[in-house]
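Structures are listed in the sections that come next.
The two complexes that follow have chain A in common; it is paired with chain B in the first and with chain C in the second.
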Partner chain A sequence: MKMKFATMAVAAVMAAGPVMADLVFPSLSYRTGPYAASGIPFADGYADYFTLLNERDGGIGGAKIRVPECETGYNTEKGVECYESTKGEGALVYQPLSTGITYQLIPKATADGIPIHSMGYGRTSAANGKVFRDVFNYPANYWDGASGAINYLLDENGDDIKGKKIALVYHNSAYGKEPIRTLEELQKTHGFELTLLPVDHPGQEQKSQWLQIRREKPDYVIMWGWGVMNQVAIQEAVNIRYPMENFIGVWWSGSEADVIPAGAAANGYKALTFHGVGKDYPIYDDIQKYVVDTGKAAGAGDQIGTVQYNRGMYAAMLAAEAAKTAQEIHGTPDIDAKMMRDGMEALEITEAKMAALGLPNFGPEFKVSCEEHGGPGLVGVTQWDAAAGTWNVISDYKPTDRELISRLVAEDSAAYAAENNIEPGCN
Partner chain B sequence: MFYREAGEFRTTYKEDSQTFPIRFDRWRYYFVLFVAICVIPFMVNDYWVNSIFLPFLIYAIAAIGLNILVGYCGQVSLGTGGFMAVGAYACYKLMTAFPDVSMFIHVILAGVITAGVGMLFGLPSLRIKGFYLAVATLAAQFFLVWLFNRVPWFYNYSASGQINAPERDTFGILITGPNTEAWATYVFCLIFTVVSAIIARNLTRGSVGRKWMAIRDMDIAAEIIGVNPLTAKLSAFAISSFFVGISGALFFSVYLGAVEVGEAFGINKSFLVLFMIIIGGLGSIFGSFAGAAFLVLLPVALKVVGVDWLGWPTDIVAHLQLVIVGALIIVFLIAEPHGIAQLWRVTKEKLRLWPFPH
Partner chain C sequence: MSEAFLYTVEVFLNGLMAGVLYALVALGFVLIYKASGIFNFAQGVMALFAAMTLVGFQNGQVPFAHLINATFGLHVTNFGWNLHSVVAVFLTVLVMILLAWAVQRFVFRHLVGQEPIILFMATIGLAYFLEGLADLMWGSEIKTLDLCWSAGHCLPQGGNFWIEDMTAGLGGEGFYGFFIDSLDIVAAVVAMVLVAALVAFAQYTKQGRAMRAVADDHQAALSVGVSLNFIWILVWSLAGFVALVAGIMWGAKSGVQFSLSLIALKALPVLMLGGFTSIPGAIVGGLIIGVGEKLFEFLIGAPFLGGATENWFAYMLALLFLVFRPQGLFGEKIIERV
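This part shows the complex of A and B:
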């Protein structure tokens, strides 16, 4: 009991700390545990972009940015703790980079009026802004990913994949189960055979799944993996000599950390993407100048330019642009979470904007509205070149089966609305 | 000086055998209860409740449950996470099937269902002991998690395989869902924790508890003096699982609100609760509270000190936490195998004599 009161006193002092008028973008990161390999570069990119804005532009619209980091370890309990401990600081938007934590936070953040941006993850039906007023998942979601992967296979096979066997290797969690509905629907239209191979958390044990793949010889393997599961899966695929060019990961399963451990044999592995890859963007000169050279880079500073780093930077860029939009709408640099939500809902990303930021052609052009929190859902495909050590875009951003996805989104969000007594609407 | 019996005269057996026979100790206990019931609810905010009080109270119930089984009856169990999952899923099914029933009833029924499942998995304990029983309960852990992942009926066929707690109330006050008041969830869990602790304390003092301890200390001798191992072991499994099930139900419905079985109720949870009772003290109700408080508060305290005060990188602090918890477990096992509860007992003895130790 003594211990308890001592720590309470400690925490009480902390809770009473001053609330500064900064723009607060909490980073619920994970630099430890089985998902660290994927979490570190994203967190670095997220932090570095805001550091760049602070150093180069003096923040957003004159207001300084603060990025308090909180370690979640991809664990929902710690995620809740992180959310509760940072929301009092005036958090503008949460990007937990975990589907599990996103599910956890959707009701909580909605009740607190703080927006969530689950970029390319989280609850897909949050794309329906009429039901999920405070949740955004632009510019692409899991169902776009599933449909994009199938579209790519259709392209490769002259629009006919009837009778082809496709295996889905997925993380046995809310995250990995997301694409199943869509794939099952697409299976009906396109007539391929779908095999489901769940991999349990944390994903280090996949022998039996790959044994099954070896036995059944599916024509294609699609993967919904994360963290250490990606590395193990690619290594196992190499071990059974599965043809790498028939192995496609979702965008969360396609970074350098996933393929490098398998060495040269991983050459040809493919992954989906919804943004540009590589370091070939003008913004990297600024990052070098203002962030790296001044010694302010987050983490070890060795992740710059990797796929997940780019994605973290992209997430930060979208958040910063939304904050700018919010400042314009409300005419004050000092925005709060409610204003931030308005900014996110009015966000418009154009090519000119991206070019001005030093990220020409980095992502799709899109415009968020109340009805559409999900963005355009354009999906490209990248391929790993083991010799050069780079990801190359081999298929440009293409639209997905939006008709099907909108129908599924409408169904799922209607169920959520009914469950939680939400009156869908834009006011 | 403190904790003195001098001057306290007890004239009835009832007075003599009460839980806190020393007046000072009793007043201290009433004081803690008073603060917990009458002061804290008016002071807490979301952060305090969700980061500290709810996990502490809920883990305390789980630790009490496991302590009955491991500490009092001597049956090692690694299935705590699985039994918590049973409580959580039972509560979820009840909540969705009977939305108008009070949350109190749902949580208690979830405990009852878990007790049944616990008895089922306790059956092997009649034949096997020690490590082998630990392995059998480990099987329960993995089987239950697999079951809840595999059979869609348990999660009402939701696409994500997660269970989400809908809004439910008791006496018109919201207990689950995002729009709850901090004090309401706190008081709700506090009631369960206090009642569980009182029940457990009295069970372990009575004939049931003595039978458990006889089985723990030497089962053959216990059988010879007339303890039925069947009823003693199975009742330990049932009552232990009942508490663990209640904690699982609260953990899901009140604390987290959404749960994924593999992640929330995995083997890590079983170990966490086991560490709580090892650090807190096997065979002690106070030890269950101390262990739960320790393992819930330590990470938060380390984070506050390391990240917020000293400004260390978050990953260093997270790793440091693993190191410290691991080291503490070893230290406790070597230096004080009876845990914090024993330290507390020793402190009390010292205080009793202070300031004239001779």
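This part shows the complex of A and C:
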């Protein structure tokens, strides 16, 4: 009897404990709540890519992948709870898809030695790897976004936007205020007039802001929104007959969910991007064959090829490539979070590698280093075709004002290092 | 006329329109509070639930499709037909009546005689339950709401060009005519009809008079044979109908999505100002809040305070009124004798 009990106890402990051979990529998703419309496709893309690797390649380097999903509802407290409840499973990297959760996890994950990858969101100055050793935000950050938008307008106006009126409609939160400093600095350089129009959470009511835009007639409107704010802003722009081709959103304001409610009138709206859009990539054949046809697609399987799905898939692909790099560096398929961090810091994405993965021209080439956790900051522009119901890339990935952004990153990260007694360095 | 003055008038008019939309949400709160003393925290979620159900019926969506597919390994999403908007509205009203019955039967019947705070907390639970139910039934993705009563006759979108053109000549070159959203005009007309209908119902029908009797003193109403259960189901059904109207008007602006449930936040200052027990109070309160917050943002908020003042100013305005009239503008006077 004692033997039987002991056997059962050991079995229970083994079942409850982490399976060491698995590579664990927790997915802090939000399939419910006000931001579910964006959270669902991202989570589906993230999960489907790892399912593809398991089904087609047997995992990464022979090690199977596990993606425990934890619902955050885009709530920072729940996000931290998800982190605490999954980190013990051998988590290799966290990608919380929330600036608020990222800010809370930075000190925790740093103390635990688990890397965070906040791709196109989070704390922008985390690009300085000498201060934020466990945090990565390649291939582009918010400030790249602000500079990318201005560079695009420079291209459109023969490199001269002096005297042009540009309005920034932004979510009145830490996230929405991120581009302001960069835009104010760029204003000094390029001589445009900047009008700031904050919108309070959740952004369901924006009449005042758009009446002001109607009165002042800015040449361009840049939007830094999320969730319902995006849909309402695009509808209000349609209502006042603002020219859609002069309205540009950041990459978090440029998905199908943002434009579809406004219907055909949203045609021509633009959004920044740091990755490809649509399903015209060879990888989708494999996703169909190994994931969809086998009934293993995440969620309802109806988000494949949307902007946020592609972004989730891209995030998973970058994590998988970093894991491969870590396996090569340490000579073992069984990597832990610290090894994963080494892999992320040595990650190199080339066009040849992307093409081999079935994603040719999907994202920019870049190389991560200790000094540069933020990647090259190359930013492209997409445009919504309402008739076809597709986003199309209309501008290649182009460099942003790295001199300015590097200076701002250095200032902010130095302040963080001073506050937290961090000695910047690469060792 | 100077452009500054004309633009102030434009902001005033848009404030009135916004106020009507706030009042639409506040009406549902008032109906339930007046009849049962319950502050229904779930009113915003009811608007979301009603709008999602309407779009689900319109599109022929299979309810609980994700659950059915996950449980039985099927791939059903759609019945393959689209319902006419009028039929879909009718079916949604039936669902809201069913919901009212269920709420009464399974929640509040068991809480008769409990403290108001217990009833309030029950509505918080109801709100979370309905949020989950709506997601489970119809999915979390954003849905487009196109309400058409006949071919080519749908809820309008965009500014009203006629008003814009007719008023463009009032100012100089820098004035482009008054901008009024066509959907807001429809919402204002609908709100007026709704209020008139509710008042007529309460004044001239047997059930309406019974509803007023319960609102005045439910024990006295009970003693003369009024069925409390029936009246509460009736009141929750009416609140469900008002929630559907609010859900349609707000959902047509932003798409039908979870954030619709947050429109309740816009109703709170309206209720504080107008009083929790007055239907005209909800309308007048909505208009005052709408105009007040828009004018403040235009004249002071945007030029001097950096903008985004509307949310907090609405509450400030309501609090200011509370200092002088704690029961709100039209609320029943609080008389306590020692």
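Here is the rule we go by: the second predicted complex is superposed on the first by the 407 of 427 C-alpha atoms of A that agree within 3 Å, B and C clash if a C-alpha of one lies under 4 Å from a C-alpha of the other, contacts with A are read in each partner's own complex, and residues count from 1 in each chain.
Keep in mind that, in the parts below, a residue touches a chain if its C-beta (ideal position, glycine included) is under 8 Å from a C-beta of that chain, and two chains touch if they have at least 3 such contacts.
Bear in mind the structure is a predicted one, so any value in this text is a computation, not a measurement.
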Report task. Give one word, clash or fit, describing how chain B and chain C relate on chain A after superposing. Result -> clash
Query raised in the report: Between chain B (first) and chain C (second), which, if any, makes contact with A:Asn172: first, second, both or neither?
Result: both
Query raised in the report: Just chain B (first), just chain C (second), both, or neither: which does A:Ile240 touch?
Result: second
Query raised in the report: So, A:Leu211: does it touch chain B (first), chain C (second), both, or neither?
Result: second
Report task. Could you tell me if A:Val393 is touching chain B, chain C, both of them or neither one (first, second, both, neither)? Result -> neither
Report task. State whether A:Thr32 touches chain B only (first), chain C only (second), both chains, or neither. Result -> both
Query raised in the report: Which holds for A:Val292: it touches chain B only (first), chain C only (second), both, or neither?
Result: neither
Report task. Kindly classify A:Leu197 by the partners it touches after superposition: chain B alone (first), chain C alone (second), both, or neither? Result -> second
Report task. Going by the touch definition up top, name the partner, chain B or chain C, that contacts more of chain A. Result -> B
Requested in this report: For chain C, sort through 117-125, 207-215 or 297-305 and name the stretch that clashes with chain B after the overlay.
Outcome: 117-125
**Report entry** Residues of chain A contacting chain B in one complex and chain C in the other
**Finding:** 31-33, 36, 40, 172, 198, 200
Query raised in the report: Tell me, which parts of chain A touch chain C in their complex?
Result: 31-34, 36-37, 40, 172, 196-200, 202, 204-205, 207-209, 211-212, 214-215, 227-228, 231-232, 235, 238-241, 257, 260-261, 263, 265, 295, 300, 302
Report summary line: Note: in the complex, chain C contacts chain A through residues 7, 10-11, 14, 17-18, 65-66, 69, 73, 77, 131-132, 135, 139-142, 144, 157-159, 176, 179, 181, 250, 253-255, 257-260, 262-263, 266, 294, 297-298, 301-302, 306-308, 310-311
**Report entry** Parts of chain B lying in touch with chain A, wherever the complex brings them together
**Finding:** 32, 45-48, 50-52, 55-56, 149, 159-162, 164, 166-167, 177-179, 255-260, 262-264, 266, 289-290, 293-294, 297-301, 303-305, 307-309, 313-315, 317-319
**Report entry** Footprint of chain B on chain A - complex, ascending
**Finding:** 1, 3-4, 7-8, 10-11, 14-15, 17, 29, 31-33, 36, 40, 69-71, 73, 75-78, 80-81, 84-85, 87-88, 99-100, 103-104, 107-108, 110-112, 123, 172-174, 177-178, 180-181, 198, 200-201, 299, 412, 419-421
